[in-house]
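Next, two complexes with subunit A in common: one pairs it with subunit B, the other with subunit C.
Entry: the complex of A and B
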């Protein structure tokens, strides 16, 4: 029971890390290496707001999400759209976007270090709470609940609204989507901005229980990448399930075998999926 | 191009070169002394370096320049700092030192931040004869390294000294009947944590302790609750973590949440950071950690006030003071020699005693045996409880819950 609950909470954290990247990579086709930095920016905002004016990260989150949405929209239109336009093939866009966002990630690290180079550490909801006989931290529970909320909202939006359907269409086939009258450029920008907003929101929540600093983004980018590839590029459900699986397995290994083997176990699953289902849990095999 | 134009161009080139070197010569003879520093501003170690290292470099330079600069034989010279970010990457670090030595031609270099970096960069400091007064470097290879690199100095103690400091605390409490002989020990799976755990295992066992929980975890583990739950499931009275900053914060938070009811709670690096006290407030009363200071001496009080005044933040309760003291040593030695003669400065450091904010420091085989090994949060201050040759240690208290 301990393992199940702690694992689910960790899975929630991982889902927060990965959902944004899935939208950005799956729909807008931008392999955003600055994903982790976006997350840490959200964390920095939460830290600054909390230490300066004791603003609850849950309030900061509501400010961070639209800001990040706007910033990511602008970034996509100004910096990434030209790459999309000039790319002759999906492969070229992938390489170009990796290079461009890699550069952006350095700029963001520099920015964050100049604002606050030390650890973003504060205490928020660091209280125990009992769930079915297991003690968990309130802040982790809140993060997992918000993650579940965001995940459900996104899945619902993607499946039951017109815009959501358009987003899925673009993720499946850009050209066909264009043929049926979907404004691919607009939908891509929307998905990219939304992904950025989700990631930054995740950052504000994660900062309540993990101590971050300006240059830690890359760790989250890696984790997000693993989860997105495991779950299947472009399918949000896959990312959520992969995140939960990863959380459960890591917690089980840490509790039952050895905490030293958590990373190993994560990579073993990753390797297994790459070997036996290279398109990811929910990914579609290329024709 | 015929031979004549080639010749004339070569001559022109050589003349420019000569002029340039003349110019750089005049620059060298200017009224500043150039001091280089390479340390992380980004990457995994940046969070620590920006607490313990960079602010002290800024403070020291501001103080020296405020009083007119370093007093040398040919007049007072202000310090001109050349600083590079090594991005917590040893290769970048070595490249930057190379650049400082050959292109910037700095007169002295401040030692790196972190054990690995001080060891990895030692050959290049030695190659250019820069005295390297390592502070944030805790290793058991001090003897070997100082023998190999004649300009390398250590000031913060060895791995064994750190483990033995904690062992002495535990043995004393056990002999007084205050704790049982069971220890739950964890370490971060990184050079630093592994080395400390490897030294600690036999040391604790030889002192009659039993390690009832002994696990490692990868650097950057996002959820440390399984570890704290595991430790809680044992009947150990002592919890020891050879941890790094993010996990020091994480383990403590989980201990609060799980109400890990131990009488001794020890975390390593970052326990001495003001941010640690800031985050946990009164909850961490009587938490033990690596380092410590005696905050009551007038020198230390003056230093702490000045540090806050100049850098806008409080120094930590461990390596900050040692780092500042190492800069005082460098300053005294340069002024005593009176010129930019690196070998003479190194020799001076080897043979003299220095007045610092940590009290008098001298080197025996390039190693200073004056440092704190264990500290404890008592009343909002992280005070030294075990030291090597420093007075002012306070008595250890037992942890009593996480109110």
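Entry: the complex of A and C
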């Protein structure tokens, strides 16, 4: 029961982060290796605001989200759009975007280390709270609930608004989207920026219960990638379920075997999925 | 009225269109006949703003220049395009496909009336609203593609090889439906392999060869033209 509750809470927060990467990869077709750095930047902002002026991360989030949106929009327009334009095939775009965002991730790591080279750790709502007979840290519960709220709003937006529908349409079929008069370039930029905003928001939430430092982004990129591949590229519902699976497995491994093996368990799942279900848990066909 | 003047298109060194002129009025059905590689598909793609090559020339709809617009504004201006292979959202349901068809601003206003018009034409789409488009038969997918194009509330509907892969019976039904669509006041511009059936419903036809228009006439005249019969009607003599 402990594992179930803790795993669900962790999975809920992971789900939000993976949604961010899914918007960037599934819609804008950019495999963003700097996704984890975006997350850590959100965490750094929350840490700095908390230690400097005791600002609640939940308030910092409201500033981080629009800033990350704007920064990701600019990054897409200036750095990534030229790659999309010149790519002759989806494969080439994938390679180019991986190389470009890998470079961006190094730049961001350097930037963050120069701002604050130590661990980002602060105490926010770090008090025990009991749910269903299990004791968890209040910050984990709050993070999971906020993540669930944002995730639900995102799913609602994608399904019930005109722009959200356009985002889904581009994700499903770019050519068909163009035929019905959707500006694919603009929707891609929007999805990329929104994905960045969601990821950074996830970072502020994660910073309340995990100690981070400037170089840890790659771990989160990998986790988000595992979740997106497991859930199926472009499939947000799949992402949510995959995130919860990952949260449960990590928690189970950490408490039953050894906390040091959580990453190993994540990679084992990843390998299994790549070998046996490369289209994702719920994928219908090979992309 | 859609007018095309001196339209050229090239893929690198290969000249696909060498100065094409054509026009089509609302309510008219015009067919473009030509062999594979003659430039038929390039012509439609260039009008839709989707040609990947270098395009020059003038395209205008009721005086509004289209050749300077991006593809989504061309849809907005009133050109709907059903490409070869249909280009529907295979993973979405029939009704989602139709709703997305009305994405452009002007189409949104008329989407209820247009949806009725589509259901009137293809009652099957109403019954199959929840079905995933990819799981339908070729003929049904073609209905989805045409229905979705009509949801864009176009003035001109362009179709690239719509009968490709359909049985003779379904092809016949398709062309009858195109007749009914044009009767509602739309211009229908199509590129076809099936010269006999398409000329049968068309008002006029163009012949295209090596990227240039080599002939233009009333469809009934083309049907009886010996050169056309030899080239596109399998040499069969229509009596």
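Methods note: the second predicted complex is superposed on the first by the 264 of 287 C-alpha atoms of A that agree within 3 Å, B and C clash if a C-alpha of one lies under 4 Å from a C-alpha of the other, contacts with A are read in each partner's own complex, and residues count from 1 in each chain.
Everything below uses one rule, namely that a contact is a pair of C-beta atoms (placed from the backbone, for glycine too) under 8 Å apart; a residue touches a chain by one contact, two chains touch by 3 or more.
Just so it is clear, the model here is predicted, and its values are computed rather than measured.
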item	value
Dominant contact partner of subunit A by residue count, subunit C or subunit B	B
Touched partner set for A:102, first subunit B, second subunit C, both or neither	neither
Which superposed partner A:157 touches (first subunit B, second subunit C, both, neither)	neither
Touched partner set for A:182, first subunit B, second subunit C, both or neither	second
Interfacial residue positions of subunit A with respect to subunit B in the complex	2-3, 6, 9-10, 13, 109-110, 113, 117-119, 121-123, 126-128, 135-137, 140, 209-216, 219, 247, 250-251, 254-255, 258-260, 262-263
Partner subunit C, residues of subunit A touching it in the complex	162, 165-166, 169, 172-173, 175-183, 284
Subunit B to subunit A touching residues, read off their complex	41-44, 46-47, 50-51, 54, 88, 186, 189, 215-218, 220-223, 225-227, 229-230, 245-246, 249-250, 253-254, 256-259, 270, 273, 275-276, 278-281
Subunit C to subunit A touching residues, read off their complex	48, 50, 70-73, 75-76, 80-83, 87-92, 99-101, 103-104, 107-108, 148-149, 152
